[in-house]
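Mind having a look at this structure? Questions to follow.
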Amino acid sequence: MKLSVESRQAITDAWLVGPATLALILFIFLPVAIVAVLSFTDYQFGATSFNWNGLENYVKLFSSSIGRRAITNTLIYVAIVIPFSVGFGLLVAIGLFRMATWAPLLSNLMKTIYFLPVAATLVAMSVAWQMVLHPSLGIVNQTLLSFGMQPQNWLSDRGLVLYTLAVIGIWQSVGYNMVLFLAGLSAIPTELYDAAEVDGAGGGWSRFWTVTWPMLGPTTLFVMVVTATNAFRVFETVATMTKGGPAFASDTLVYALYREGFVYFKAGYASAITMVFFAFLLALALIQFRIVEKRVHYR
Amino acid sequence: MPEILQLRDVSRRFGATTVLDKVNITIGTGSFTALLGASGCGKSTTLRIMAGLDRPTSGDVLLAGSDVSGLSAYERNVAMVFQSYALYPHLTVAQNIALPLTMRHLSPLGRIPLLGALVPGTGSARRTITTKVEEAAAALGLDKLLDRKPGQLSGGQKQRVALGRALVRDPSLFLLDEPLSNLDARLRIRMRGEISALHRRTGKAFVYVTHDQTEAMAMADQIVVMIGGRVAQAGSPRDLYERPANRDVAAFIGHNAINFLAPGDGVDAGDAIAGIRPEDLAPDTKGALTARLETAEYLGSEIVLGLRSESGAEIRAIAPGDFDVPAPGSEVRLGYAAQKVHVFDAKTGVRLERPA
Amino acid sequence: MKRLILSRLLPTILLVLGAAAILLPFVWMLSLSVKPRDEIFSTAIHFLPSRFEWENYAFAFTQTDIPLFLWNGLVMVAGILFFQILFAVPCAYALAQRRFAGRSLLFGLVVAALLVPFHVTAIPIFLAFAKIGILNTMWALILPFVQTAFGVFLFRQFFAQIPADLFDAARVDGLGETAIVWRIAFPLALPAATAFAIFSVTAHWNDLFWPLIATTDPHLATPPRGILYFRDQESGDNVGPLMAAAVIITAPLVIAFLLAQRKFIQGIAAGGLKG
């Protein structure tokens, strides 16, 4: 029997989109639903049953000092990384963009160098950073000593560790932001600079304020959101170098979710952490969508 | 002439919009049919339905007398040439032309590069394909381009490759969707000749979609004029020119836009609308029609006159190249032969036959 | 002259200083990886060792499981990429070039899935894998990533730009839809596929989160997971070989990046934009 054209088409469509759709449901939507449900339970991995406990997990996260620590640490980390990573990214991009006009090879070489941390394996680089920041053998403390300054316990001093991680976060993401800004810069029509020159705004600073900055405005907002999104996910450096310590001084949301869920097997509580983390990222995504929409109007 | 393809009461609706409304078309074996119409008239949808790329909402498609509604494009064994040429950019010219044959003559296993050579029969099938590709390429003057990618070809060469891909399969029917519209004027005229030659050589039926009435008139032995999703008229080019079935067809066919004159504009056709083609209207001191001259375009062999009748209607007429053009604003008398006047119903636009 | 110094020299100096800061951990890692033990533990600052200690690399390659980690990483990223392409390309083609019921719904799902970071789905997937008993297998590392909303999205945008005529021509030429996907659409999408492959391989080669969760068997460790095993075993004592291992693990992607910079930047930048 020969099937009708319509059913043959339907079978083809199912064959084409079926596997991907099934995978999406199985590995994205179903898990998201389950994690949302689990966040209202006291479920533990391996347990045979669980109890509903309402908002208890969330209350615990927001009221316990450890839970609050993870949230504030993450926010502080993000708040440090955004301005510096975006600011340096912008400065480097403008510098290299100008340099490309008189020394294209050097400019390209520098671009490669700045992008290197983005491509490098972060865990391996964290191991290297550990040696750079080693209390006695690290080059940083050795340099400080040779200038007669006080060496620091960069990764084991409670007051310092989060900032150290943030610096590494900046180190890792500047190159990425530079690339985004370079794309933004090359999209600025050169006639605008000519026009600014004719209008008497040809010099370095006035050029920047009359043309570059206004044209890069939407890009900058966008880069900030992307940076924030990535900074919120900070995990590799924490897991490799500090394990959230000392005394939770460098605990972050994703690390806390890993620790509570997969070291202490508190699935319910870890699910609540997951949901809070997810809520932050969804808020950022919402902002990102709005910016992308604006950007379209801008053109 | 027996028919190879027939559309019977074919309608096509996309949601609430009706693109084709009860279209009936008969394509004779070995004929050259042009589907002519403005963009959006449904001619491309008609062609896609013939090809099996689209399906009618209602109505039948008969290929060589049997219903092919359930058959895919490939199963109908039709060849199609697309407006954008639709060459596979990642394949060479030879591979582009060979692809339909590869799909037809090699088993799925045999198509796998390298490994396919181990499948029995693959070698001889491949040799046959190579020979056929070379023949088609030679017929179209593509022999030296076989190893190029489409990106390295000119528009005319791409067009030829697209024709070659259609030619190589020995299809029952050739469908061409505005194949020349992306070429410049000179090349278009040359390719027109080549397509006509191809039609004569293959002896297969061609269906040719175009919005250019010159192309249709020059190439086709049957023109199907489509307007607003319906067949407005089907017939030989001469039929359409001499006896347009309604106002719209009359307006569409002919190099110079036809003049429509309402009652009172100076041509006697009772309550009906009179249509006179500019080439049938010439300055004549004894002419019945009087109009005021506004513009004159000298084209060498002829002069196109733009005039206005007493009632204010625009009239275009064609004078011989040696006509002595009076000053703008002068009165010009125009003459015409009575049998060249087409008469259309003022309300419906349908052609009215005048008793001879 | 003064203006030229101000507009060129000063920014150049600052950019070079910045680049030096960026390079610092790379240089220090390389330096330690070729230093003999006694020089590592000396407090004098030397980037170049007095003699190159290649023994560190020999140790990392022969005395540790680093080669196994590299192999595991290779199998994992290849497996992930294979399934991602296998699933995403046909789906993207259908979304871009075919009309079917639920098409916009499916596209909506794809966009929605883009918003879900992997960390969010980890707990339920871990639970399910524990239930069916595939934790601590290579499948546990590969399976969660066979879906790729980003891949579907990227390929769909690419396929949507290809004129529909091309696919109609292929249908007339006798290609079935599956053949169209793999013989026409996919070869055309090679630029997009390259960018996607770079994004996918980089992301999964470098990932620590999921390997840390899904495997506890050191024989299944991927490079980032593996180097942590190595470090924790040696308890900070064997710095030279550890740094050599870090170099070895970082090298494949860094070398690939240096060889194909433009593609790499495109791929990673495109990937980051998915949010």
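To keep things simple, chains are lettered A, B and C as they appear, and every chain counts its residues starting from 1.
Simple rule for what comes next: a residue touches a chain if its C-beta (ideal position, glycine included) is under 8 Å from a C-beta of that chain, and two chains touch if they have at least 3 such contacts.
Quick caveat, the model's predicted, so the values are computed rather than measured.
Ranked by how close its mean Cα position lies to the mean of all protein Cα atoms, the top chain is C.
Farthest chain from chain B (centres taken as the mean of C-alpha atoms): A. Chain B and chain C, compared by their mean Cα positions, are separated by 54 Å.
Averaged Cα coordinates give chain A a centre that lies 16 Å from the centre of chain C.
In this assembly, the C-alpha centroid of chain A lies 58 Å from the C-alpha centroid of chain B. Within chain B, the positions touching two or more other chains are listed as 72. On the side of chain A, the complex with chain C involves touching residues 9-10, 12-13, 15-17, 19-21, 23-24, 26-32, 34-35, 38, 45, 88, 91-92, 95-96, 98-99, 102, 106, 110, 112-125, 127-129, 131-132, 136-137, 139, 142-143, 145-146, 171, 174-176, 179-180, 183, 204, 225-226, 229-230, 233, 235-236, 239-240, 254, 257-258, 261-262, 267, 270-271, 274, 277-278, 281-282, 284-285, 288. Chain B contributes residues 48, 51, 53, 72-74, 78-80, 82-84, 86-90, 99-100, 103-104, 165 to its touches with chain C in the complex. The touching residues of chain C, when paired with chain A in their complex, are 7-8, 11-12, 14-16, 18-19, 21-26, 28-29, 32, 40-41, 43-45, 86-88, 90-91, 93-95, 98, 100, 106, 109-110, 113, 115-117, 119-127, 130, 143-147, 149, 152, 176-178, 181, 202, 205-206, 208-209, 212-213, 223-225, 227-228, 231, 239, 242-243, 245-247, 249-250, 253-254, 256-258, 261, 264-265, 268-269, 272-273, 275. Of all the residues in chain B, the ones that touch chain A in their complex are 55, 69-70, 72. Chain contact summary for the complex, chain C toward chain B: residues 163, 165-166, 168-175, 179, 184, 187-188, 190.
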